[in-house]
Amino acid sequence: MRVDFSGDRVLAIVAHPDDAELLCAGTLARAKADGAAIAVCVLCKGEKGQPARPIRNLAAVRRKEMAAAVRLLGAKLFRCEFGDGELADIPIQRKKVIEVVRQFRPTLVLAHSPDDYHADHRAAAALAEAASWFCSSAGHKTRSPVLETQPALWWMDCVNMSGFEPGFFADISDYVELKREMLRCHASQLQRFVANDMSSLEEMMLRQCRVRGAQAGVAAAEAFRSHLAWKRTRAW
Amino acid sequence: MRVDFSGDRVLAIVAHPDDAELLCAGTLARAKADGAAIAVCVLCKGEKGQPARPIRNLAAVRRKEMAAAVRLLGAKLFRCEFGDGELADIPIQRKKVIEVVRQFRPTLVLAHSPDDYHADHRAAAALAEAASWFCSSAGHKTRSPVLETQPALWWMDCVNMSGFEPGFFADISDYVELKREMLRCHASQLQRFVANDMSSLEEMMLRQCRVRGAQAGVAAAEAFRSHLAWKRTRAW
Amino acid sequence: MRVDFSGDRVLAIVAHPDDAELLCAGTLARAKADGAAIAVCVLCKGEKGQPARPIRNLAAVRRKEMAAAVRLLGAKLFRCEFGDGELADIPIQRKKVIEVVRQFRPTLVLAHSPDDYHADHRAAAALAEAASWFCSSAGHKTRSPVLETQPALWWMDCVNMSGFEPGFFADISDYVELKREMLRCHASQLQRFVANDMSSLEEMMLRQCRVRGAQAGVAAAEAFRSHLAWKRTRAW
Amino acid sequence: MRVDFSGDRVLAIVAHPDDAELLCAGTLARAKADGAAIAVCVLCKGEKGQPARPIRNLAAVRRKEMAAAVRLLGAKLFRCEFGDGELADIPIQRKKVIEVVRQFRPTLVLAHSPDDYHADHRAAAALAEAASWFCSSAGHKTRSPVLETQPALWWMDCVNMSGFEPGFFADISDYVELKREMLRCHASQLQRFVANDMSSLEEMMLRQCRVRGAQAGVAAAEAFRSHLAWKRTRAW
Amino acid sequence: MRVDFSGDRVLAIVAHPDDAELLCAGTLARAKADGAAIAVCVLCKGEKGQPARPIRNLAAVRRKEMAAAVRLLGAKLFRCEFGDGELADIPIQRKKVIEVVRQFRPTLVLAHSPDDYHADHRAAAALAEAASWFCSSAGHKTRSPVLETQPALWWMDCVNMSGFEPGFFADISDYVELKREMLRCHASQLQRFVANDMSSLEEMMLRQCRVRGAQAGVAAAEAFRSHLAWKRTRAW
Amino acid sequence: MRVDFSGDRVLAIVAHPDDAELLCAGTLARAKADGAAIAVCVLCKGEKGQPARPIRNLAAVRRKEMAAAVRLLGAKLFRCEFGDGELADIPIQRKKVIEVVRQFRPTLVLAHSPDDYHADHRAAAALAEAASWFCSSAGHKTRSPVLETQPALWWMDCVNMSGFEPGFFADISDYVELKREMLRCHASQLQRFVANDMSSLEEMMLRQCRVRGAQAGVAAAEAFRSHLAWKRTRAW
């Protein structure tokens, strides 16, 4: 079996500038190869993700890093520029994300799992869910026109696979190298992980897509689960 | 998104002669349209499914009914001829199903949910799971050669959708009429439902695929869940 | 077995003017027939539920629609007049709902499922849960007197039965026609569904209560689950 | 809310002679008070439940004990006389239990939880479920006539409430004393618990129905969960 | 098996002044006996927990009560002085709790279950989780220095054990008397329970630790579950 | 926190000769270092685990391999010599395992997860659970004396971590090398994996304990879950 994304428009809504690299960039690349339009919406500036030796104007640095990474992927980039640690499904943020959804007009949204380890990721899940619902409600006005129908919604895996039960897996065997290159664009974060004496971010990403692959009979995979709510799951 | 079954070999292993009609015939038809090879393995004779006015030699009658239905579908038919109410994952039954799996060499097996309402369906789930695992173990000998790898395994929906949490949905909007025609081949069972004053089998089937469709944004769907065990889930 | 609501006071707290029709009106009607006092508290004005051809002063239109529907049911109506898409368990809203609970003094509250598809429904779930807890806390002052004990709390089904595991079912076979008539009071919404080319709201409601009925051996049913928390579940 | 059992026929199918006392005797008593017919089917002889000083002919002793206890309850008693530790959903046992179900013709069956701590209890769950399904299948012949429809099925709580998520609670505040008296009929088992230096069986029973009561706002309760499968859940 | 807390620093973050007594004081005492440093952070003033005859300046009274109780335990006490019923994971509250975490530098945080019965407890769960995550993020500044790593996080049992599935149990058989003495310090609350005609708070606490003990083969226990998220679970 | 196994007697009951290496050998080694007595009970001969070039008398070869591996671990070895693919919780097998449990007298049993990917592993789970329950029932006679109390029971992780939700993790950072050496004793199986062109068994084992370590803040870990049933969970 193979999922074909041709004709789709896939929008990943992630909390921080390097989250797509870890959790869904391979699937976005595959969708693009199938002929889909793809985009990444980064909600936070990433300005609090400081390595041991603080970087001045980190937000600007990370803006460049994410632009470079998303360019490698060939996706459109949306930035919401919310503050790190300040994400919440409150009116002002919800409205901004609705506008992004209406600009890109996705058929599929990829969002953080509501059970993720990071409070910002969980808030991003709530925002992505709400925005991709209200995008098609005429009563919620933003600059762009209302969508006719809500996009499908997939929850993404959690970091280190802790506490996430996959519903299905996308084969990304051909895109591991791309994910690695994208991750290397985030120099500020690679330093940070080294400084904290954790396994490197890159190693963690590689291990995760290989374990998900081993669980699903391929060299590398990303895991997802459909949001099983009315109008948010699309048969295939 | 659309799942493409081209190149696949899909084997539905069901307990009784009319179970495929209700739970997976649409998906089999879609797979065939994609170019997949398809087959149905019926485990029981159906000889205890008597309508109010008992039918003589019911097993033979049902053999004809299922042959007619599966012919409409264009699938290969395997019959294990176990007794109704006697299914169990015991060596003699497991061996017979292993041989069926080895003859058809599926890449994907569709099986009843382990939580189904019917004891035979749950036993069929256990048999299908075990047979589609041991089919690739050289130590378990049957007439046909050992498979190189285990097929993927999807659990099918339950009747009336009670107690089944879908992982994903197959769009079968184009195959509802086929399902209806297949079901009509099972004249012995249609009588039975009328006699018992239940909603008719046909109505139940139509309602189920329409509700599953409504839950997944299409006219009609069948629901499944991947068996999330090592070597039984295949990334797509 | 039959649940008897005599002596009860049942309050449904719903997000939008037509939500009770879909998810709990049959159970309210049954409770009333048993001798219970019943009420519906509608949290939002419904002012953003615009059909294709926008209706001027939609909030006022929907106020009339819901009044008519609740009159058919014979229930007391409370309106909180919050904005659509603006529901949240924040102090000002929580306080208003506490006051409603204290005015009606329910023994049982029916609330949206915390896992519902709609952000407003999930917020309504949180508000209903909190308000029906704090209603009996002397420290939380509103105009009406504090209740002696918290009412029981049941979570209602989700639309199209997506993602809701029932704990039990109420037989509403005698009240399907009433639900249909109540729904027809919401003319503004019936238009909306047609315009969006979805299955009609009425058809969806009928299908849902019939499937729930089929799952529970009756002609029509509504599904619920007890809130399994201290002081929120009542033995029967 | 109050569940009314009038018109019902309630059959508890338990593994050992004293299991009903612990898990469902209060609910049976309540059903009887409502006008229901009640019965207990004990599957095993209890011959292996030896206290420290072995009792000769323990099976006969326990036969008397259970007869006395069930007499207090005012229920009909069925005994299957299977060996302790030998319960399994195999044809010979299933057939015997089907016959019991057909003799009593229940509208509701109470069975051990499939996740119970004791292998015999789990086997009893499987037997009760299968027998109360096949009782209405004309193809499965036993001495008594086939039932027209399957009874509803409730899973009972587990001992010490470990690992059981209640779906609902029956108020048994008026029947705690009866449960205590019934338990005292099982003198052979009361000794056994003392000998093993565990908290006494009586204390354990009392504590369990009081905690379940505290969780559900009454003095004492028994907890259950509906078997959420087609034709096994009955709306009320 | 025995868990050894020597070298640990255990911080319980609870909503109200008497919550630790009920849910985790025994485990704190055991950790202290092992050589761990222990602390309790009480988020709310408890000023709305009025008994029938209101107590003037209840917040001050409860401040003394909790100081006395925590003194018996031999723990350090932190008070956040938020209002009862006003807890929320909002920036101002989150920041205050981060500062507490940074002052105590725990290796293990005990927090209310996210599924607790009380809205304040659920908000406390969210606050505890977020604060014990962001405590080690350099970008989130408070007075005290950033922690090098996040502490492990355990969710505590719910009151009356409703709706909580334990992951493991701490043996507190030696500390039941201490819990009772601590609880008796909360005179304002003991009155309140009597007034409401509920089972007394003390009885409830004793019953809960004894049932948890019975479920885990000891005289008394407290139940917990690890937060299964990245960096929040620590192998032992 | 650290779990101390001193005074314990830990018995791992596994299906095949190399299963302990993958799932629990590190924890056994840690227990032994704490002063616990440890043992491994291998249920099957492993005679069907043939590599591409079949090995004559494979059962004898694997007997030597497992003896060598268990010698490295310093554990006592029990062999039940059941046939591969023939495990079932049937009287003859259950009795044999009860006798093993009674000989070793464990305080803790480690068993395969009931949801494991392999039918033999699931049958081993059922056997281990039943045997470690009935070991203390005087009515179930085997050669060795009855145990006074049932041991605690932990379910082990699944291969490749598919479908297993950990309850807690044991830190085995010091025992990875031992696990590797033990695995290398199983030369017949290492060949087999290479032949099937799967990732090597060793690589799979290393990856699994490192990912479990990463999820739990240590270099390497093994994951478990308590069997949450009466008398099978022990507080620590």
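Letters A, B, C, D, E and F mark the chains as written, and numbering starts fresh at 1 in each.
What we mean here is this: contacts are C-beta pairs under 8 Å (C-beta built on N, C-alpha and C of every residue); 3 or more make two chains touch, one makes a residue touch a chain.
The structure presented is a predicted model; accordingly, all values stated were derived computationally and were not measured.
> For chain D and chain F, which third chains touch each of them?
Touches both chain D and chain F: B, E.
> Given that chain C is a copy of chain E, what angle of rotation, in degrees and a multiple of 5, matches their CA positions?
Going from chain C to chain E via C-alpha fit gives 120 degrees.
> When the C-alpha atoms of chain C and chain D are each averaged to a single point, how far apart are the two points in Å?
Averaging C-alpha atoms per chain gives centres 37 Å apart.
> Using Cα averages as centroids, what's the distance between chain B and chain C in whole Å?
Computed value for the inter-centroid distance: 39 Å.
> What are the residues of chain F that contact at least two other chains?
Residue numbers touching two or more other chains: 149, 160, 162-163, 165, 214-215, 228, 230-231, 233.
> Chain pairs that touch, all of them, please.
Listed in label order, the chain pairs in contact are A-B, A-C, A-E, A-F, B-C, B-D, B-F, C-D, C-E, D-E, D-F, E-F.
> Name, in rising order, each residue of chain B that touches chain A in their complex.
Touch residues, chain B against chain A: 1-5, 8, 107-108, 149, 152, 165-171, 212-218, 221, 225-226, 228, 230-231, 233-236.
> Quick one: in the complex, what on chain F touches chain A?
160-163, 165, 199, 204, 207, 210-211, 214-215
> So in the complex, the part of chain E that touches chain C is made up of which residues?
Contacts found on chain E: 47-50, 54, 84-86, 115-119, 158-160, 162-163, 196.
> Which of the residues in chain A come into contact with chain C in the complex?
Going by the criterion above, the answer is residues 89, 91, 126, 129-130, 133-134, 137-140, 148-149, 228-233.
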